[in-house]
Amino acid sequence: MKKIKVGIIGGTGYTGVELLRLLVVHPHVELLLITSRSEAGRAVADLFPSLRGYTDLAFTAPEPESFKQCDLVFSATPNGIAMKHARGLVENGVKLIDLAADFRIKDVAVWEQWYGMQHACPELVAEAVYGLPEVNRASIKTAQIIANPGCYPTATTLGFLPLLQNELVEGDLIADTKSGVTGAGRGASVANLFSEVADSFKAYAVGGHRHHPEISQNLSEASASSIDLTFVPHLIPMLRGIHATLYADLKDPELALDEIYDVFARAYAQEPFVDLMPLGSHPDTRSVKTSNMCRIALHKAGGSGKLVILSVIDNLTKGAAGQAVQNMNIMFAFEESVGLRNPAVLP
Amino acid sequence: MKKIKVGIIGGTGYTGVELLRLLVVHPHVELLLITSRSEAGRAVADLFPSLRGYTDLAFTAPEPESFKQCDLVFSATPNGIAMKHARGLVENGVKLIDLAADFRIKDVAVWEQWYGMQHACPELVAEAVYGLPEVNRASIKTAQIIANPGCYPTATTLGFLPLLQNELVEGDLIADTKSGVTGAGRGASVANLFSEVADSFKAYAVGGHRHHPEISQNLSEASASSIDLTFVPHLIPMLRGIHATLYADLKDPELALDEIYDVFARAYAQEPFVDLMPLGSHPDTRSVKTSNMCRIALHKAGGSGKLVILSVIDNLTKGAAGQAVQNMNIMFAFEESVGLRNPAVLP
Amino acid sequence: MKKIKVGIIGGTGYTGVELLRLLVVHPHVELLLITSRSEAGRAVADLFPSLRGYTDLAFTAPEPESFKQCDLVFSATPNGIAMKHARGLVENGVKLIDLAADFRIKDVAVWEQWYGMQHACPELVAEAVYGLPEVNRASIKTAQIIANPGCYPTATTLGFLPLLQNELVEGDLIADTKSGVTGAGRGASVANLFSEVADSFKAYAVGGHRHHPEISQNLSEASASSIDLTFVPHLIPMLRGIHATLYADLKDPELALDEIYDVFARAYAQEPFVDLMPLGSHPDTRSVKTSNMCRIALHKAGGSGKLVILSVIDNLTKGAAGQAVQNMNIMFAFEESVGLRNPAVLP
Amino acid sequence: MKKIKVGIIGGTGYTGVELLRLLVVHPHVELLLITSRSEAGRAVADLFPSLRGYTDLAFTAPEPESFKQCDLVFSATPNGIAMKHARGLVENGVKLIDLAADFRIKDVAVWEQWYGMQHACPELVAEAVYGLPEVNRASIKTAQIIANPGCYPTATTLGFLPLLQNELVEGDLIADTKSGVTGAGRGASVANLFSEVADSFKAYAVGGHRHHPEISQNLSEASASSIDLTFVPHLIPMLRGIHATLYADLKDPELALDEIYDVFARAYAQEPFVDLMPLGSHPDTRSVKTSNMCRIALHKAGGSGKLVILSVIDNLTKGAAGQAVQNMNIMFAFEESVGLRNPAVLP
């Protein structure tokens, strides 16, 4: 069976361990190396005992030379690292999937404003492909650099997409989104202690969040009209999962829900990882836990008749590592769902 | 110290035990009796060991006669029970605070449609006072029957109220609300098992929820214009707390946030249980856990500039039993916050 | 690829959905039917949306005839059901794996006392094989009926086993065990509501638990001496996982921990699903979440020097459905870990 | 009403905010100052919004001079801080209650070994009173320095105490203890992130834990014989609560459980904060959540007949701040339960 040589930059965080969970049993992957400055020398399975028996790799210090032997490198680091490696990888014919945000925003000035640093390779941003297969599958096949989408952007974009592509809505859009705590990463911080977030719920970054420009870019590209988006994220006291509750006004308020359903059904008919639920459904996040699926349900709200779309994903899988593997499968012409066909874990 | 004689109808659910938690240490309350058909004969402290040492009462079967000796009866039963007791209580000069929904909706036909039963005493509905002190304090003082507000309606109404009273917003309103699981009650059901709701999140009743007409009634009474409300509730994997994320469009988009802040500040300046947070705040539900406080924060959303109001309460306290005690204090001319002045438990 | 025809009796509970999660992607399994009296006619994927796209089966009413076409039937019902099907299955050459307790206790009188019913086929109890592969692999290969072990018994037995087989300990044994809430099943009950067990912890059944005779039977069979076991279970506010903290006194208090480690290492050297952790480890239950692994760590307690063994499993996987699949693999001469080689989900 | 002047050293952690929750509504307390090096200048209610409306204090940098005006100072800092302040406070006639461990271990050499630092005032250790009112009430009344007990030691000692005082048990004792995550403090650390501990359970420090010598000291003082204790702590994915499962062998195995019950009942008959549960009870930790109560239940284990004692407290209340307030009440001759008579919050 064909195998590609894969490296991982970073990988001590939650997207890293999720990526490892998927890659160590992927039939087409030979994991060559994984780097971490802070954990260099430590066995991966010592940091993450869940991987005992699945890999003998140890973290190594990041050395640009060592990636040359790879066919593909995933970067699962904080923002601002992948862009420093990108030029060297591309020049050596190594493909790159960045799970952080370095290549997501086409307007480099906007990116620099939100991420608070100067971009190291603006010219590669133009060339990179935004790795949402439901939108860019064709370009992903031949891409050198994939900007793997953010978790909120994935859930929100997939929920709004058919409406915009078919010009069914008008006015402003609202995305009231909620995320499990793994979305906040594995850095030591008081704010994300168990004792700070358990048995509690809050909104955050109402005044502005980095995923706002990313979502706006996605929605604008899908729509002939300009988009006015209100985006409010919240923190749920649970591990994994994103729930996006999306609000939109129909151009034609008389348009029936089953007609809208048909539009979504057509849009996602061939998609292996988008599941349009029957009308009346309320997908819970656990229905996608650990899986690469996005489940979507459509409603008209009681009273107002406003269109409400519910979209759920696992932030670490379809919202990060799973989508990255899906992109890898597309890039290397593997069957798109190989390594990703496992039902969600419930309960 | 003046004491009133108090009875409780029901009281084996979560609003019941919360009411007991507050009443057993209330300086003006002598708890006379508590009824339960299913638990008759059982000591209250046997069902709820948290109350060991605080009450020697046992549940008794509900006997209309036995309530006559009370000054006040709380009904903490499912919907449809309090209305059967109301006439008898009122005729005997016993005041009634109903923590369920029997007296909340002034339009009896609407009530009967949503609650799926015939109302037992429509004539008393007109007379009953909706027990939201921030709106109806004067009427509460002299009321015979208090319709204690629902949890979602309390959080949502307090969040929108100053905007409507001051005619600052136009167009439709959205209430994206989230509740802890105690809001679903203590009945045996698969849907509310730990193993069904833990580590997961979902919307429910998007097509229509009983709190929608209650909230709409509140908002309409506060506003000169008619109100178009979209209301979407969600279930949070936590015990207590409601977080309402409220969206509205300003009539004057240029109106600055600190001017809106001033409107809210004036509206709630004298309120002991509404806390307007500093601009930029994101109140978490734990900041009100076990307390009778409603905390509110105001934002303009990044990008769109839409007005976003965050309103949090403890669904069992300000959203149920605490507000009922607040109403009792007002009805009997006790200091309004007596028995309710304890800080939230954090963490 | 060789496939066997598989049926499931029951399957609406948590062991059922876990079994389905594993079987729908098992390369050697063709799932023929799944029965449920209460859910007959309902699509499996409607009850468990996590399985949408993985099975088109609907629940059917249990008809003895329909199982004849199966090579193997799993019974994932409450206690007392499998024993009624067993005779018919065996007579038709259909193998049976019972995930409940009907065939676990060899002493039928003891079984009847603990399970409060008369056994329907005592003669088959003798014939049934207790499906703990680490003990009975050879017999499992040829068994007609497998008594799939309980969750506490699996974790506890594997933790004590090498000590008993090698006669290293004396005196009484203590198993202080803790389980996630899925172990309590999916029946509607107040006791297992989210609002009853979240953010709390308790012991239960200290005076006697059904798993006590099962564990005692296992330990006695492994030991030349009689065993005196104290067994105390507790409920953890989490979904999956069992943590057994086991206490024993060494016959030779001078025996060093690394010598004991070597005994365990030899005992489990060939076991695909027992992982002896390095000395000093404290395995958390999440390190086995959703996996079929049992992780064990050895300690001498500070101060007393008493031997302490920590043993963790996922109660639904190695403690139920995963072990059942492991048994199936052995019975049908598949590679023992096929369908079970996925790392634990972390976090 | 008599008020004393109180200061707090530290107070930015969980014992700090719990102490503040109790003190801001304590009728005999005037809170003068609270210090924190890191948060100096910040309003207490800004760090802990639960306290908005209850205190206007801001943290100040710790200045020895400023404590002189206090009658009592609580130290709610990490270990090793209170001992530096003790001499100065005592010389100025200011009483000190240390919620950390500086004065708990009478054998200073042992303390220095476990806490890894040199003690700043060994001579005051001898003079300090271990603040477990159930043992040392008389000495507490006149103490200058109180060593407020640890959380595990409180639950474990109260569970074993009557057995040892009455010489009912022999052989070694086992304390299998479990704690909520707030016990780990509010410091930024990966190990205590929500995403590390939620939905998981583990033992820790099996080889040795600082509370072991403290518990051993308590047990030895209560017993005529020497005590051999095995102590194993575990981490529960919940906020508050300690559950100690205690194992002991009766000298007289025939001694009936109700006789042992009577011994406990006599021992704790006058104790306001020890609740002996009826035989057969399994107290859950939520039955004491936010309260100062310790609930104890007695069992003989099924099969072995070993004595099993279940003891639960809230680690932040009876296990820390609540017990500190109880000690304050005793020291200043207030009614012992003033400020502490609130039922546990359930659920």
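When the chains are written out, they are named A, B, C and D in that same order, and each has its own residue count from 1.
Just so we're on the same page, a contact is a pair of C-beta atoms (placed from the backbone, for glycine too) under 8 Å apart; a residue touches a chain by one contact, two chains touch by 3 or more.
These numbers were taken from a predicted model, which means no experiment stands behind them.
Asker: So using the touch definition from the top, which pair is joined by more C-beta contacts, C-D or A-D?
Answerer: The greater number of contacts lies at C-D.
Asker: Given that subunit B and subunit C are copies of one sequence and touch, is their interface built from the same residue numbers on both sides (over half shared) or different ones?
Answerer: Result for this pair: same.
Asker: Between subunit A and subunit C, what is the gap in Å from one C-alpha centre to the other?
Answerer: Inter-chain centre distance comes to 36 Å.
Asker: Go ahead and note the Å separation of the Cα centroids belonging to subunit A and subunit D.
Answerer: Here subunit A and subunit D have centroids separated by 45 Å.
Asker: Can you give the whole-Å distance between the Cα centres of subunit C and subunit D?
Answerer: 39
Asker: Multi-chain contacts in subunit D: which residues touch at least two other chains?
Answerer: 14, 182, 195-196, 198-199, 237-240, 283-284, 286, 289, 347
Asker: Which of line, ring, star, complete or other matches the graph of chains that touch?
Answerer: Topology of the interface graph: complete, with all chain pairs in contact.
Asker: With touch defined as at the start, can you tell me which subunit C residues reach subunit D in the complex?
Answerer: It is residues 172, 174, 176, 178, 180, 195-196, 198-209, 212, 216, 228-232, 234, 236-241, 243, 245, 247, 280, 282-286, 289, 299-304, 306, 308, 310, 312, 347 of subunit C that touch subunit D.
Asker: For subunit A, which residues count as touching subunit D in their complex?
Answerer: 14, 181-182, 184, 186-190, 192-199, 237-239
Asker: If we count contacts the way the header does, which residues on subunit D are in touch with subunit B in the complex?
Answerer: By the definition above, subunit D touches subunit B via 14, 17, 20-21, 24-25, 48-54, 182, 198-199, 239-240, 275, 277, 281, 283-284, 286-291, 293, 295, 341-347.
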